[in-house]
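Labels A, B, C, D, E and F are assigned to the chains in the order they are written; within every chain, residues are numbered from 1.
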Amino acid sequence: MRMNHLAIVRQNVERASREATERLGLFGSATVHEAMGRVGLMQPHLRPIYSGEPVSGTAVTVLLHPGDNWMMHVAAEQIQPGDIVVAALSAECTDGFFGDLLATSFQARGARGLVIDGGVRDTRELTRMGFPVWSKAVSAKGTIKATLGSVNIPVVCAGALVHPGDAIVADDDGVVVVPAAIVPQVAKEAAAREARESEKRKLLVSGVLGLDLYKMRERLKEAGLQYI
Amino acid sequence: MRMNHLAIVRQNVERASREATERLGLFGSATVHEAMGRVGLMQPHLRPIYSGEPVSGTAVTVLLHPGDNWMMHVAAEQIQPGDIVVAALSAECTDGFFGDLLATSFQARGARGLVIDGGVRDTRELTRMGFPVWSKAVSAKGTIKATLGSVNIPVVCAGALVHPGDAIVADDDGVVVVPAAIVPQVAKEAAAREARESEKRKLLVSGVLGLDLYKMRERLKEAGLQYI
Amino acid sequence: MRMNHLAIVRQNVERASREATERLGLFGSATVHEAMGRVGLMQPHLRPIYSGEPVSGTAVTVLLHPGDNWMMHVAAEQIQPGDIVVAALSAECTDGFFGDLLATSFQARGARGLVIDGGVRDTRELTRMGFPVWSKAVSAKGTIKATLGSVNIPVVCAGALVHPGDAIVADDDGVVVVPAAIVPQVAKEAAAREARESEKRKLLVSGVLGLDLYKMRERLKEAGLQYI
Amino acid sequence: MRMNHLAIVRQNVERASREATERLGLFGSATVHEAMGRVGLMQPHLRPIYSGEPVSGTAVTVLLHPGDNWMMHVAAEQIQPGDIVVAALSAECTDGFFGDLLATSFQARGARGLVIDGGVRDTRELTRMGFPVWSKAVSAKGTIKATLGSVNIPVVCAGALVHPGDAIVADDDGVVVVPAAIVPQVAKEAAAREARESEKRKLLVSGVLGLDLYKMRERLKEAGLQYI
Amino acid sequence: MRMNHLAIVRQNVERASREATERLGLFGSATVHEAMGRVGLMQPHLRPIYSGEPVSGTAVTVLLHPGDNWMMHVAAEQIQPGDIVVAALSAECTDGFFGDLLATSFQARGARGLVIDGGVRDTRELTRMGFPVWSKAVSAKGTIKATLGSVNIPVVCAGALVHPGDAIVADDDGVVVVPAAIVPQVAKEAAAREARESEKRKLLVSGVLGLDLYKMRERLKEAGLQYI
Amino acid sequence: MRMNHLAIVRQNVERASREATERLGLFGSATVHEAMGRVGLMQPHLRPIYSGEPVSGTAVTVLLHPGDNWMMHVAAEQIQPGDIVVAALSAECTDGFFGDLLATSFQARGARGLVIDGGVRDTRELTRMGFPVWSKAVSAKGTIKATLGSVNIPVVCAGALVHPGDAIVADDDGVVVVPAAIVPQVAKEAAAREARESEKRKLLVSGVLGLDLYKMRERLKEAGLQYI
């Protein structure tokens, strides 16, 4: 059976290369997403609770049910320094599944942030603590602890498939998932892109047009663009 | 007739205890909402125009019709120091029903803020003035003054029932309504919760897990959670 | 044929009066929208990527197709100092059509900002650069360069009709379009409104009620408002 | 305390006049809503699962939590012939809280329909059974039975306040709530409106214009309408 | 001044060719939209109140304000047989601006349908009458008659620019606008497309693949598609 | 590398057991979803273009980019009798990616339906042809053929992970995905559930309450429910 539908906690998760995951964090979600071939991006309804530098880490995944955050406490124990918790929901719900007490615990365990396809609360305290969250909503609505979900199973969060141990890169532009096996390769490609963009930026600042820089004029003419 | 459907202004509204309402403002919407038994919260589409400390006050209610803010001027006269105006709409509309001129008037009367299930404008000036607003939208679209509504009748605002004189607590996490009669009791319960949370926070910072702090391990096992 | 459906770039666009367009920028979207007779406003789903003073400029228009930003490069060449680029889409799409490289180019050409009924990325860099954008979404999702659109044709952006050369006024409250021919007249009317509002503000600060200032009491009574 | 926040079931609910509630069912939601003075309407996101004649009944109210339909079973016992169950949610959720088994039970108790600010499933079977439902969503997602809510307390459903025993009128145009005490009065006013509309319809069919029938020409001229 | 911002009614509107407009109605919105070069389509949130054959007609345009349908009565007088009324709103609003009485009047004047970027009511009666409507919402909420708008000015409806007299084609797939001047040309191109599609349909039914019919295999290979 | 990011077409896909997939089709999405342990459901924004009996089949997956349906033609060739095509998008888009010509081709290849997290057109013709589609939108907006995607790779469609060859069950309540390996086991469990429900239905029709049938009274009392 490909996906275990029982309520389980997988404890020994192989994380993506720590060093390569750190490097990914230097580039931001847009560059990493391009470096992967324009896949792996979560939907843009996920927004950061405060603006900041890109954050990267390895995924601890959680599957929650609407109105219930019990498994967040189970997930806390699975956190290792450098992890980012990724919480998916079995149905759409904007409740506040996470607040400053859980954040205190996650931070004490070494978590670098939370990505949740649901709501979050205590955003002012989370900002003060410097604990970044990407969420679908902000809501003071609390949750109960009655239904089991799972920790460290593959989940679909905001339209993206996340396996435990995958690298997560999140910033003001969104959240991208990089499968653990290709993290070094993507970090390398991202660095190459960044270098190329740096060159282009200098030329564009000087007034060179993208039309010339990217040699688009001929292709546009062939495609039939008319200047009048 | 339970709800008077005429266009009326109720002038003598008994407000919730001023002192207890002030105390509620120390806790924020999430704690107050929990202290009430997880009810009374407005829907999370209401967002503050700027981030800040929790605000509390007693409700002056207004029922508006789409595209018409005439009754806001009528409401201004009913404001007493310490009030928060709560504006409900008879149908969904994102127009800017409120701007800096009305805010100047509301502030002069002693209002502490506005909660509106519609749009607001002049948000930059409102921020400079320190007049907080929780709204569904920001829109430069102005309104007319042609249709009567009512002031200080019970209204449903963003999914929550508000009676004039009820206590309102609003912050970055949302807006919660506390019926006037139970404000002292809720303030007491909120204080107790806050004290308990403070204790927990210390333990969580030190690395104690919620699983142990809340004694969840046994219950999780009984519920069938499997560690693999 | 009223609207040319070919892929065209109109090069000689008559802009609205530069001087009057500058003056419009002093008032902000709400005042300008009122001064025009409450028309010309884009829908409130367009939001600024950062808060700031009102910006005004003359429109360079672009029609894009979903997932394709090729024409943005074509538009760059048509920018003159003082322009604002207005990008409409042929279908709803939240992809990030614009980032810091294009912004560098636009800024080098003298553009004052971008209004786009789609997504934008690199928002942190854009904020650092001081290049304001009003968009429907923020998304790290990149686009391709495969389909022709048009530059400087009339477009419908976020519900508003924009002709190339029209004046655009954008701020925290939204984006308003002023047809080029009436820019001086609207600027004059906006100045008159601003002067009138300034007078009212002083009275309202002193505690005078809008009910008296605007002489509403009689009309409210006639309309049937009851005080109880 | 105005609203009891415990988990309670109120068993002795005084229903609106059966006879007057039946009469309301002849008119439909639009006419009843107008007859009440244009209040009492639920938000238009509630849609019928199939098209049909207007249905009327007296409200049995239920407050549910996201993902949990336990209280629906408790509500079933409180149903009397001629009732309509009105289910409100403490937070937004599209799960399928209701399906053909519950409908079988509700129908056996004499219920005439369900209004729910959440999701429903087995819509094909419900259509076959002739059990009408107005819901926010259709979803195969099932729910659990773990959290208490309440039955027959005042609830806010889709933006409207509903007390147990109120009359509900629902049809293809939406759902309207009539406070129990004014049902006879509203039924009378609705009948009067219907009679007046019948007269108007005949004239309009014959080609008489509303401009003349409602004597609008003078008012339009005074308001400044220009014919060119 | 390009767009007259006063409250006006233009009475002498030149309609698109009646004969060519009729022919457009044979093809449906998708074919006509393609024949125009993939422009002119309204946004897909407009939905028909009942399923049916494509309808075509010439536009009588109306600009309404939120919650106010006064101008619909003014528009009725401007209807000529074969017209379709296109109602735009100055701000988003889901109120029911149109019901069976207005429909009776419109039908008596020869209107073929209504397209409205707002709400409609009495949908069951409208279906019985055979009066098709494309709307953004269905709502029993009525409107007032207090604010002037305009009739037969250019409007933006659901994202599309409509001039009075333009041809409208509407069916289950949506609503498309054809500028009056190019209606004969678009009708001709649509007929040609239809003929080509008819040929293709026969081949596809017989099992021929689009890959071969459209000779795509070479282009896919060049673009880099890999079969594994 | 877990997910191949190139543009590929996997040709030899092992399908779920044909016989067990057929049996799943007897139960409908709600029962199958429950039988799987309440997972595997697509989001409820997917709606059928017409109402009908449950359909089941094995998945041919396609990954499309916004505004581009080129890969639908590539997918056609991979269809085997009994398949259902599942189309995911790399970003949100409501364009009409599929119409009656493609449906003719799919049907000729033996496809039983289409599930697409985007738009569809020609819905009237599709209904006449008896080709069921579950989509996010209906739109006459056509697409281009310029960008490669992939066929028969794992995709996330409307929040659910689908591997090529998985079983799909779709009906009026939604769409559920069953991993190929567990189809026989889920079909068996679904049959068992159906049998149990049939028993319950008889009892509920006779007036037995769920409270007694499911023996809930004791648990409700323990949980603290109060009858007043």
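Brief remarks follow.
The rule is simple: contacts are C-beta pairs under 8 Å (C-beta built on N, C-alpha and C of every residue); 3 or more make two chains touch, one makes a residue touch a chain.
Since the model is a prediction, treat every value here as computed from it, not as a measurement.
Steps from chain A to chain E, taking the shortest chain of touch contacts, total 2. Shared contact partners of chain B and chain E, listed by label: C, D. Common neighbours of chain C and chain E under the contact rule above are B, F. In a homomeric contact, the two copies may use the same or different surfaces; for chain B and chain C, under half of the interface residue numbers are shared, pointing to different surfaces.
Separating the centre of chain A from that of chain B, both taken as means of CA atoms, is a distance of 32 Å. Computed centre separation for the pair chain A/chain D is 42 angstrom, with centres defined by C-alpha atoms. Chain A and chain F have Cα centroids separated by 27 Å.
Shared interface positions of chain D, i.e. residues touching 2 or more other chains, are given as 6, 38, 41, 90-92, 94, 139, 141. The list of touching chain pairs reads A-B, A-C, A-D, A-F, B-C, B-D, B-E, C-E, C-F, D-E, D-F, E-F. Chain E meets chain F in the complex at residues 28-30, 33-34, 38, 41, 44, 47, 51, 171-174, 176, 197, 200-201, 204-207, 209-211, 214, 216, 220, 223-228.
Considering their complex, residues 1-3, 5-6, 36-39, 41, 43, 90-92, 154, 156, 159-161, 163, 179, 181-182 of chain B touch chain D.
Only residues 6-11, 70, 73-74, 76-77, 94, 96, 99-102, 104-105, 108-109, 119, 121-124, 127, 137-142, 145, 148 of chain F touch chain E when the two sit together in their complex.
On the chain D side of its complex with chain A, the touching residues are 65-68, 90-95, 139, 141, 144, 146-147.
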